[in-house]
Structure formats: structure tokens, C-alpha cells
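Two complexes follow with chain A in common, the first pairing it with chain B and the second with chain C.
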Partner chain A sequence: MREDHFIVIGNGPAGSQAAFTLKEKAPEARVTIVTKEREGCCHSHLLPGFLAGSISEKKVFAISLDHYTKSGIKLRTGQSVVDVNPQRKEILLEHKETISYSGLIIAVGGRPYIPEPLLAYREHLCTLKTFQDTGTWRQLLPAADSILIMGGDLTSLAVTKSLLALKKKIYFMLTGEAFWPLRFDKALQEEVSGKLTKRGVTVLAGNKLVGIEPVRSGSCRVYVDGQKIKVDMIGAFFGLVPDIGFLRRSGLQLDRGVLVDEYLCSSHEGICAAGDCAQIYHPEIKDYWVSIGTKNARSLGKIAAVNLAGGRKKTRVDRERIFDIQGVKVNTSWWMEF
Partner chain B sequence: MSNKIIYSKQQEDFDYIAVNIPCQHACPVNTNIPAYIRALFESHHSSSYAINAMANIFPGVLGRICSRPCEDMCRHGEKELGNPVNICHIKRAAADLNKTPAEPLKPLPPCGKKVAVIGAGPAGLAAAHDLALAGIDVTVFESFDKPGGMLRYGIPRFRLPRTILEKEINRILKLGIILKTGVHIGDTLSLTSLLENHDCVLVAAGCYTANQLNTDGEDLKGVFSGLDFMIDVCSGRKPAVGKRVLVAGAGFTAFDCARSALRLGAEEVTICLRRTEEDLTVTADEIFQTKLEGVKFNALMLSRRILGTQKVEAVEFVRTRSGVLRPDGKREISEIKGSEFVLPADSLIVATGQTPLELTTGDGKLAVTDTASFTTSMSGVYATGDYLSGPSTVIEAISMGRKAAEVIARRLTGKKYRKKVVRMQETQVTDRLRAWDFVPRQAMPAIQGTTARLKSWAVEVETGFTAQQAAEESKRCYLCYLHYEIDIDRCIYCRYCIDVAPRDCIKLVDRIETNEHGAVTGLHETSVWKDVNAVVIDNARCIRCGECLRVCPVDCISVTRVELMEQGPPSDSSIAEHKNA
Partner chain C sequence: MPGVDLTIEICGMSGDGTIAAGTLLNEALSGAGFSIIGFDSYPAEIRGFGRCVTRSRFGTSRMLALSDHTHVLISLDDQQAISRISMLGKNAKVLFDNKPAGTVQEGMSIAAHTAPDADLYGMPFTDLASEAAGTTRGKNLAALGCFTGLAGIDPRFFYTVIEKKFRAKGETVLNANLNSFNAGLTYAHTHFEDAPLVITAPAPEKKKVQRIMLSGNAAIARGALDAGLALYFGYPITPATPIMEYLAKTLPQKGGKVVQMEDEISSIGAVLGSFYAGKRAMTATSGPGLALMAEMISLGVMSETPAVIVDAQRGGPSTGLPTKTEQSDLHAAVFGGPGDSPRIVIAPTDVAECYQFTLKSFELAEKYQTPVIVLTDFFLDNRVENVAAADISGKKRVDGNIYPPKKEQGRYQRYLVTPSGISPRALPGSEGYIYPATGLEHTEAGLPDYSEPVHMQMNAKRHTKIRQALADLPPPKEFSQKGPLDLGVIAWGSSFGAALEAVLKARKKGLAVGALKVISLFPYHEEQIRQFMSRCRRVLIPELNFQGQLANLIGHLHHGDVVRFNRTTGTPLLPSEILLKIQELLQKDNT
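== the complex of A and B ==
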């Protein structure tokens, strides 16, 4: 009989947890993780601390590469999946290799969201989601005295804290809708603005970006309503969107994320999704939701793996931890951990 | 190399086109896409325009608003090959960059027949164009003040400038067509009286009855039908929409309504989808531009009832669950019980489709009796366009209009005017470089910044390719009308061609399968050398890079230009010859 081959796409907290659980539940099966990242599983919420030098590189990586080998999990890094064929039970990699699977878990996580009006300035905007992203920051930071932080998700606050520790001049452009994952109301705006101002940050609350213009020295001139400011770097933090573009032609049912039931099973047999790319309907909140945060991701990764290996475990969500962002309900453990 | 040109009417050659030139086959009017892209690349802008106009009549209009079925089938969009060629925007470039006034079309001498066309929308105008070219005396009756139908009254100016529309409509009217506007068939003129004065009547009256939600509260102030809303907006009126606008619908009309609401001063506009963003059929460019302007999308929700006392105050929705794809391409949805929720709103625009207005004859309602032959329940009266099929796209309406015109012209004169042929001519390998396969798809330049966009209805959002961008995008086309073939009698089976092939497009086969017409339908590969009977280029996989031909030591690979064309009335052939030159 042909042995089972479980493939997990993504090596974040959800993906890695799914792979280890699969190996535990089905020790005889082959388990392969395919990830486009070049490094191991990274704690993205620790990256701002890493930039400030308060957290070591070792601590950023949650799992040592040896651990995968010892557990019998094949880790294929730096390889992008460009398509999934549920009928043939195959994934297609960017370098045109196809790999067959008997069960698949999609745990690709989210990618930084850049609002459409800002895409024209994409080349000037730095994000911080992966360890690779830290390369750009570390390259530009030494020469950057002033930095504009746009958006206002939770990462932006951590980055601001780190940059202040590095004695940088910070401008913060608070964007209501982007205060991800929390609903940005007046009280929250005042609280955040007050705290930032107290720490020496220049808050540009409620202002609208008119344009960004690069200047010769590598800096940018940013036009905000009637004024212009010159900054050496711009960080964009508008939350995350599920990184599922490669599934567009797969036939899987998709919305913002992969639509799955409470068992994390997708519309196709043998395919589950976990982590912040899985979108689930929850009767209590009468809406679809996605989970973010390391703790949630691990939990979902485990449930997906248990169910793919033949189990029947439901996900659950605590209503008080649900937030609304851009019409999508978000369940976060991150805010609590932060 | 032989310069011999073969015109074939063999079904196997039409079958070949269907598989091997997927863009042209997908186009409802079979526009010769590789030919016009190549002409544009060679800076023959007027030829590029003319090739388009021969098939689709409105290149400047369609280059802006076409639904682009061709791009969905473009070989460059196959999974491992990247993104489809930006065919539509190259069409627009052909129109924008063409500085030579289009040659006046020359109709055949008058044949003494008269046809009345009801409706001056894309279907009616396309039909009038073809009927007039056939020498038929055509009068078009239009109920609005100006011609264009949904092009003028359904698509806002920021997507389709009226100068472009008028220029292309005038080109058609110059064929000698009489246009009578402000005429409502049924009120001011009956079908029966029209038929008394004409040999045939063609009804191309479109779909002007908006679908309703059939829910409570639909008669409240602030509830608009998408169709009426767009007619108002396109006529220069300014419906009061308030600050929070919900749009129910997922088609181009819903998107136009949402973007128009922003221009009317709405601050929060949300498109409410029954299915998901992934299931949308509007183009990716349209979705992007709509989001860029600030419109939000909410998926998997179905409106249940409209709440309010004097005017709309909120809408109750129910969540939906996404299901399997239906044969018509739409995804099944089901309501989730107990999932009702309410969204506040100052207005609701219902853009969930349209149906045709009912026309009456002396014997009752006019009914379509056969969609294939365009006939109706009234002898001498034909139907076409959206009136015939229900809501369709502009390019489908043009296609239906042209086909109906052919049926009528043949009936009135006994002659066939438009014959499809496959033209084949041996040619040389092009100058396409393999590197061009990696040129990224050129994005359509657009006005940046919502303030600049929203300040005037007349600001066209997409600004069009420059000549350089258009040429760069044109490089990406594989030119699938080129057919590569190995002459087995001369092949020495060295397999150099297989070594340089960029994908599995050259195959060692023991057997070739054909259909009942003789067209190739399958290649049976073999890895057993003694069983190999031929080395075959699989043109359905070939990306026309020409590498095989360059390395062939015995020069046994030939290239033939294979094109689906039309042999039209004599006035068309002058354009065809122009293109061939």
C-alpha cells in the first residue's frame, strides 16, 4: 500500500504545529512542510524587539531546524507553491515541480496589507512580517533619523517602541480603519495618541496622505493634507490579509481566506486550512471570522492535523476576543499576549 | 518558402483554431487578436484599429469596458506561464494611438430592402452597421434622446468618455443609417405599423426592467434600482444618496453604482455580495480601481428586508454559505438559518440584474420563438442582443447583433454576406525573444489619488497606455496564430528541438488521435524509442518561442500563419487586404 504523504503549506506557528501533530498522529506517514520563507518558523511578533536589539535571533526562531529532522519532518524552505490541484491531489511549485499528497493543510498565514490607494507608493513602504523583512529595516535604519509609521496595527506600536529605544524621531500617522484588529473609535484614538505623544512621537491623527515623493538622498517627502514632512523611512502597518492568491485557480472555496467548517475542513476532501488564512462561520457571532496570534494559530494547526489524520475536533471561539476589521471578524490572542 | 495562401472552410481547421488560438475563439465576435497585437507592436496603429473594427466595430469603447473573455483564455495566463496578456488595453491603445482617420466604410449598392431596428444600443448599432453594409436601408428607433443604449446610459463617463463613444457611433451612422430618437415603440409607434413600412423589424431594445429584491421596504425613499440610478447619473441628474450607501449586486452595474455614489458625496460605500469576491465576474482591474477609490466589499450575505419608516434606515441581511459551482458558472449559495444581522444605511442600490421590457403585437406579447434564428412570434420581426438573451456583456450583444443582421440580410436578399474562413500562409519565425515571455504584465496607468478622481464626472480614471507601454505589453503575446510543424519526412530525430523546448510542447509519439473532422485531439507519447513514429509539436502547449526552429540542423520545422477570418461584403475586403499587407 502506498504510504500517506501529508503536505503542510506554510511553516508559521499553525503550519509547524500541524506538521508535528500529523507526525504524532500518523507516525508512519511522510510529512512535508513547504514554505516560501528561507528560514525556520519565526515569531513575527518578536521582530520589532529583534530590530531594537533586545531580542536575539535565536529567540526569534521558535523551532530549531534540528527538531524537524529529528521528528522526521521534511522541511522545504524557499519554495513557493503556485497552485493546488484537488482533483489530482497535487501541488505545483514555482520551479514547476509537482508533489502528490494524500492530505493537505494550508497554513500560509497573512501578508501585510497595503491599502489600494497606497500601492502607488509601495516601493517606499517597509513592512515587517517575516525575518527577511528585517533585512531591509536593518539596512536602512542606521542612516535613518526620522521615520514615518503609517497605519496603526499592533505591530506598528511595537515597532514604534523599538525605534524610540533606538533614539529615532517618529511621526505616526494614525489611520482609523487600519487600527487592526481593534475598532478604532474616538476614545481609543485619544488614548493611543496621548500615549504616543507622551513618549515623544509626533502624531498625525486624522490626516490624509496626499502623496509621497522620493528625494535624492534616499529620503522621502511626505505630503499630508496642508503640510509636508521629510522622513528617511516609512513603515506601513495596516494589518494582514490571508496570503492565498496561489489558490485562485484551485477550485477551493475562498473569500478573504480559505472557507472552512468548524473542523477546519475545506470544500475539498483531504484539504484543511489553519491559522490566519482559514475563514470560519461561527453561529454565535453570525459571521465568518479568522484567527490571528501565535496561540490561536498553534491551536488551529493542531485541530487541522488531528482532523486530517481522521479525528473529529471542533474549533471554538471566545466572543469577547472577536474584533471587526474591514468587514471581517477577527479572533485574536495576540492582543492578550502583546 | 511558399507564398501560397490557402482559404479553408474545412471543419478540422475551425477545430484547430478553437484549441490553438484560444483568445480569438473566446471572443464572441472572433476578433483576430494576435494580428492586431502584432500590428500595434509594429507601430501600424491604424491597421491594428482596423483589424479590431472589422470584428467588434467599437475598438475604442471595448478597449475600455470589455468584459475580456479573451484574457481568461490567454495562453500566457496558464498556470505556470504567468499572467494573461492585457489584450483589452492593447485594443484601447490601438484606438488611442491611431491618428489616421478611419477610412469611411463603403456599403454595397442599395438592394431596395428596408429594415427597422428598435434600439440604438450595442446590439442594435452592430446590426444596423452590418445591414447597411449589405446595401439595406436601415432606420434605427431609439427611446432615449441619444444613441448608445447601455453604453451611454449604463456606463459612467469616468469609465467611458462620451467623445470616444460618439466618434464610434458616428462612424456607423455615416453608413447612411437614419436615427430617430425619443421614439417609444408601443406608445408612439406600434410594431405592426413599423412592419407595414419595412421588410423586417429587428428588436434590440435591451433589458430595461430592473429586477427587484421583492422584500419589505423596497418602496422606501432611498432605495434605488441600479439601472435607474445609472440612467439618472449618466443623464446628468444627481440622486441624493446620503453618507452610507449599500449596493446589492456583483456585476459591472453594481460597481458603477458604487463608484458613482462616491462621486455623489457618499462617505461609506459597501458592495454586498451574495457570494465572494473570488466569484466576481467583473475584471480584476475594475475591482482594483473600485477598492482604490474606497469602496468596501462585504461577502456571503443576502438582503432580507429593508428597514425604515419614511426612508431607508438599515438593511437586514442573512449570511450565506458558499456551495458548488453550477453549470452556468455561478456558485450555489444557501442561507444560514438564524444568521440575520442589520447594517445601517442611508440608501440601498439594488443592482441585481434586468429583464427585457415587454413589447406587444396585435395578438398579444411579442415572444422570442428561437434564439438561434433570432425569430419571434410575429412574422418578419426578429430579436437580438439583451432583449433576446437577457443581460449579457457588450461584446456578446455586438456579436448577437451582427449574427441577427446576417440572418435578416440573407433572408431579404438570398445572399450570404459573412463567411468564416481559415486563412493559412507560410511565414517566417518572428523576432520574438524568449526573454519577452518574462516581461511583466503592464498595469493600466490611472489617475492617482481619490481627490483628483472624484472632482469631476468627466475625469477618465484610466488614462491609457503610452506607445511605449503598449509596445511592451504587445511583446508578451505569444502570437498563437503561428503554427509550428515538423516535417517528419525530413526530420532526423536528433531531438535538439526537445532539448531547447521551454515546456513539454514537443513530443515523441506513437499515435495521433483525431476527431471526426480530422482535427488533432490527442498525442500519445511514448518513451520506447522503437515505438516512436513522429516528433510532433503540440501547438496547444507551444508558446511560439521559435527555439526549436532555430536549432533544427535540417531545417525541417515550418511556421504557418493560421487565422480565422471573415470574407465579408466587398467593402470589408479592402480592409482585409490592408491588414494582410
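== the complex of A and C ==
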């Protein structure tokens, strides 16, 4: 009999948890993680704290690389999957190597979303998703006195908190998508706006960006409606979109994310999805939902692995924690007190 | 700013231009002001069908030895380079071609084998070359361009050496190579903006030192040329052959001749004949060839005829390990051959010394009328260093011949016993100075005589003469502090660099350790060695042979403990393993 080979794409909280669970449930099987990140499992939710200096690099990468090796998991870092072929049960890597699998878990998370009108200013916008992103922040921060935070998803609040701890002057632009993935309503906007102002943040509520003009290296003049502000850095936080472009030709059913049932199984046998990239069917609401957050990702990774290894475990989510954003149901476990 | 100390490997299949890329890399880094030690390797079988690896360690301080680990691996052929992964250090960078001709199965790419901490940089070397120059042949140049871009090194250092290498092949070839290089450079700049591997070149030297990239073998050949070599006789053998190849190109231009003989016996015979007739000659061989020469070398000893023999050691005994390095001919060089046949054996420790001591060996051979063996090894012969031009050229040749005075004409005694043991030597054809020269024991006049007093007297003469040579031979060189030492490390030949680096590192850790470089292996400077040893509580002798041949030779000079550190894996000794041994010994002493 040929040995089982489980492949996990992605080494975030969902992917790493999935791999360790697979090794636990099927110790004889080969388990390979392929991740485009050069480093180990990055806990993105700790990145704002890392920028503020309150979290060490070691903590951001909570799982040591040795631990994978010792657990018998083959970790391929710095390698991107560019295609999945469910018929041949193969994945294709960017460097043109194919790998066969008997079971596959897609846990590729999300990538920062930049709204179309802002793409023209992309080079001036700093995002924060991967550890590599912190490089730009750490390079620019020492010389940056004032920072504009645009968009305003949940991560932006965490980043703002860190930047305030670094005694930076913060401008915050609350737009229509400000609380993505939370429900946007006036009450929430006012609450957040009030809290931000109390902490010394200049809130530019409801304003529309007209243009960005670089002044000198790093600094920008930002035109918002009638006013003009000069900032040394701009952070863009418009939420994360599932990073599933590479699956377009695979034949897997996709929408915003990879469509999976409540067992996290996709439209194709032997392929599951977990974490931020999965769009999960919820029989109670008779709709698909997206899960956001480290804890969610981990628990989904575990469920996907258990099921791929022959188990039968359902995802569970409290109804009241599901929000409807732009037609997508979102569950978040990490709305924290700001 | 911390100094640079990095090792880069390029690995490919022959035909990939691996060695050419390594040479360009070394030259460019040398131009940028780094100190370099490089070592290429290829399999024993047929060179055209194997794996080629170039290994370069470069840094801001002088590089004395190879390093344990590779920091950057450039793969021109993943199937070959996979075997080099075990050499990678932590967080090594691996540059590889990420657009092979078709898809490959799991495990066929180097990416399948690297450890998770390695940093992979997939770049389409072949496509870049083919788009830039219309041929895939420049993929090695594209790879160099990619490396240069990643490392943030000024590309002008590479332009200079590419130009130098390809200019003679015409504009088309030169441009194709430059374009391939630039394509790689641009690719790295655009895809990896924040140069992940910043290598800062050292500040330019205050007084510009002209440096030349040279192998040990080339340095030996240059030393012989500057010594006024007239004739080279040899029979090809790894790792000595490049000396003959170098001389075949250069010696005829200087009016000399290179003759490939039918074997090693005839080679040494011809060398003796040339010197006998007053012409400087040399041969180079390896262990098996030295064994064949043993009888003829003793003829040189008995007839007091000069000869210069390079023994480029490789793994032995017998045919042994032709492309592996070893220091196991020391006994054969010093003692090999019938009878009591003292000769001079001298072992350079780096490329510059290969030049200096080969040059010197001609003078010594003439002055002491004896065969001189220059003992090198595969690692020293094939490694390249960027040595200061002043250290490997322009040295004056010294005529070592001592001719008989006029008053002896007609009553010339070729083997006249003198206090120094040296008797003036007349060249054949000089009227009034005719003498028989033979391998038989002889009287002062050269006539065969086996009587007791003659043999005793002549043996003593030959040994006295060789002992006298100590005055002209490079004395041992000490690298340590004054006063008593907990440990003295004594090393020779190609292993000395590793030993010195280990000792310097140990001293930085506060250990009372010193190093002694022994160059002259026979005769050896007993007094200086004894003095050094007397200051050491213990002596460690690391060498690449099984028995501890230097330890056998000089170990008796120490009253205390002489620890041997021997390895015969065919690869050069590394500073780290010697350092580990030093620490282990000193720790034991303290517990």
C-alpha cells in the first residue's frame, strides 16, 4: 500500500495546527506543509505588539522550526503553490515541482485588501500582514512622527494602539468599511470615534480621500475632502481577502473563499480548507460564513485535519457572533476592547 | 561594523560553467577588496561527466582556511547541488533556477531538500540568459548577476572581470555574457528590492595592494620560472598535473622545455641529469610517483646531485584517493628510499609560500647538492588565494652553486670532506675537474669504495651537510603570547591555516594557546621546536594522516603529553574541529 501523503498549504495558525493534528491522528502518514513565507508560523495578531516592542520576535513565531522536524513534519518554507489538480491529486509549486497528495488542506489565509481607487497610491501605503511587512514599518517608524491609518478594519485598531504606545501622532480615517469585518452602523462608528479621540487620535470621520502626494522620502501630503494633512507614513487596513487566486483553474468551488461544508470538505474528495480562506456552510443559517481570527483558524485547522484523517467533526459557531458584511457572513472571535 | 566572513558555493554539472562562474566570482570579490580562499572539487572519474563545485570563503580579514558551513549556495543543477545541502549553515541562502524546462517530480528540485530555516531564492537563470543573449550558455553569468543583485555588491567589480575574461573572444561573446549577467542583476533588483543579503565591501586599502588570484600549483610553477627553471620533466598525475600544464604554456616562452616522460623514474632521472650538467630542472608528482622515484632520489643523495621534486600529496597508499587531500607522504618524503639518505623536505602552508619555497628550493638543492622535496597536497595545490602580487613575483633567483677553486684544477676531489660537509661541485666538461659520479659508495675522489671508514665518513659528510642547511631553511614561526602556554598547536602544510585560525579563536576565548608553523620538515629546527614545546603544558599536532606523521617525527622533543589529532576523510581540516579539540583538552585539564 502506498503511504498517505497529506499536504497542507499555508503555515499560519490554521495550517500549522492542521499539520500537527494530522501527524497525531495519522502518525504513519507523510505530512508536508508548503508555505510561501520564508519564516516559520507567524502569529499575525502579535505583529502590532511586535512593532510596539512589547512582543519579541521569538513570540511572533511561537512554533520553533525544530518542532516541525522533530514531529516528523516536512516544512517547505519560501515556496508558493500555484495550482492544484484534484484529478491527478497533485499540487504545482512556483518552481515547477509537482507533489502528489492523498489528502490536501488549503489554509492560505488572507492577504491585505486595497480598494480599487487606492491602487494608484499603492507604493505609499503600508500594510501589515506578514513578518516581512514589519520590515518596512520598522524602517520608517523611527523617523515618522505622524501616521495616517486608513480603512480601519479590526487590525487597524490594534496597530493604532501600538503606535500610540510609541507616542506617534495618529490620524484615523473612518470610512464606510471602517469596521470590517464587523457590522458598520452609526452607533459603533460613534463609539469607536469617541474612544479614538479620547486617546488623542485625530479622527477624520466620513472623509473621502482625494489624493496623496509624496513630499520627501517617506512623507506624504494627503488631501482629504477640503483639507490637507502631512503625514510621514500611511497604513492601509481594509481587511484581508482570502488568498485563493491560485485555485482559479483547479475546478474547486470558490466564492470569496474556498467553499466547504460544515466538515470543512470542499467540492472535491480529499481536499479540505480551513482558517481565513475557508467559506463554510452553516446549515442553521443556510448560508456560507467566513471565519476570522487566530483562535478560529486554529480550531478550524484541527477540524479539517481530523476529518481528512478519517474523522467526522463538525464546525460550530454561535449564531449571534455572525455578522453580515457586504453579503458575506463573518464570524469573528477577536473583537477586543480598544 | 562586524567583518564579513562568508562562504559561497556554486554547484553544477560539468558544462554548466560552474568553475568559470567560481573564477569570476573570486576575481570580482578580490577586486572588491575581500580576502579569498577558494577550493574547487570534481570527481575522480572523468572530469567531463561529473559534479563541479566551487567553494569560496571570503572576508574582510585574512582567510586562513575553509569554513565549516556554506552560507550561500548557487545551484546551476539541482540534481548535483542537492548533495551540497549538508554543508549549509543556519539560515543559508539558496539560489536556484526556478524555471526548469518542464515540471519536475517531487524531490527533483533542490527546494524539496533544504531545511526550513534556509532562505530560497528561485530565479529563472536559464530563461534570463536565453532572453538576454539568445543562448542558455550564459546561465552561470545570469546566476552571478542574481547573486550580485541580492548581495547589493557593486556590479562594476564583475564587469571588470567579465570583460577581462571574454574580451579576447570577441565583442559578441563578451556582450552575450555581460547581457546575461545584467539580466540576472535586474531580476534580483526588481524581485527582491530590499537586498536580503547585504555584503558590504571593505574600505579600500590605504596603500593599494595589487592582488593576484592564484592556485598553489600555479604559484609553484611561477616560483620555478622565477628560479630560472630550464627543464621540466614529468608524468601526469593528480593533483600535480596543473604544474606541468602551466609550465607547458609558459616555460617555452622563456627558452625552457617541458618534456613529458614515460614515467616518474625517467622524470627524476632526467632532473638529476640536468642538474648534474648545471641546468635547473624540476619534476612534480604525487605519492605513487614519489614511491617510484625513491631509488633515484637516493642516487641524488649518494652522488650529491641537486634535484627539485614537488610531491603533491593525495590520499594513499598506492593509487589511493586521487582527488582527495591527505598529508600522508611525510614519512615517504623524509625517509623514503634505501639507506641513510638525508634530503631536504620543505612544506609550504599557503599559496604565497608555494611560490617562495619552490623558488628557494633550487638554491638549496644547488648549495647543499641534494634532492629537495617540496611537499604540498591536493588542498594546497588546488586552492586559490588572492595573494599580494609582491609576494609571488619578482623575487631574485640566487645561484646556490659552489664551484671548485682554480687551484684544485687537475687534483680535484669532488667529494672532499669539509667541516660543512659541502664539497665544491664542478660541472661536467670543465677541464681538470673530471670525476666519477656513481650510486656506489665512494672515496673523496669519487672512486667506488666499500671500506668501513669510507662509508662511515661519507655517511657523516652527507648528514652534516643536510644539518648545515638548517641555517638557510625557513625556521618555525610562532603565533602566541609570551610565557607559558596551556596548549601548543603545531601544524604543517595545508593544515596550518586551519590550526592558526583555531588558535586565534581560542585565544579570543581567553585560552592560553599558541601555534607553531613548521615549514622545514627535514632537517627540522630541533632547538626552536623544543623551546616552543618547553613552554607548553601539552602539545597538539593536527594532521591529515592516520599515524600522526609529524608527531612521529618531532613528538620526542617534548617531555610532556603530545596529543595527535588525525583524520583521513580526504577533506581539508577545519578550524572548528581543531578548536573543539583544543577546548576539549583544556576542559579536561581543568576538571
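The criterion applied here is as follows: the second predicted complex is superposed on the first by the 332 of 338 C-alpha atoms of A that agree within 3 Å, B and C clash if a C-alpha of one lies under 4 Å from a C-alpha of the other, contacts with A are read in each partner's own complex, and residues count from 1 in each chain.
We take it that a residue touches a chain if its C-beta (ideal position, glycine included) is under 8 Å from a C-beta of that chain, and two chains touch if they have at least 3 such contacts.
What you see is a predicted model, and the numbers here were worked out from it, not measured in a lab.
In the superposition on chain A, contact is made by A:92 with both chain B and chain C. After overlaying the two complexes on the shared chain, residue contacts for A:116 are found with chain B alone; chain C is out of touch. By the touch criterion defined above, A:265 lies against neither chain B nor chain C after alignment on the C-alpha atoms of chain A.
Residue contacts after overlaying the shared chain place A:253 against chain B, while chain C stays out of touching range.
In the overlay built on the shared chain, the residue A:100 is in contact with chain C alone; chain B does not reach it. Looking at the shared chain after the overlay, A:79 reaches chain C, while chain B stays out of its contact range. By the touch criterion defined above, A:229 lies against neither chain B nor chain C after alignment on the C-alpha atoms of chain A. Of the two partner chains, neither chain B nor chain C is touched by A:52. More residues of chain A are in touch with B than with the other of chain B and chain C. Contacts of chain A with chain B, set against its contacts with chain C after fitting on chain A, overlap at residues 92, 96.
Partner chain A is touched in their complex by these residues of chain B: 79-80, 270, 276-278, 288, 291-292, 294, 296-300, 319, 321-322, 324-325, 331, 336, 338-341, 448-451. Interface residues of chain A facing chain C in the complex, by the touch rule stated above, are 38, 40, 65, 68-69, 75-79, 92-100, 135. Contact residues on chain A toward chain B in their complex (touch as defined above): 82-83, 92, 96, 116-117, 119-120, 210-211, 248-249, 251, 253-256, 259, 267, 281, 283, 286-288, 326-327. Those residues of chain C whose C-beta lies close enough to touch chain A in the complex are 96, 98-100, 102-106, 108-109, 111-112, 115-120, 122, 194.
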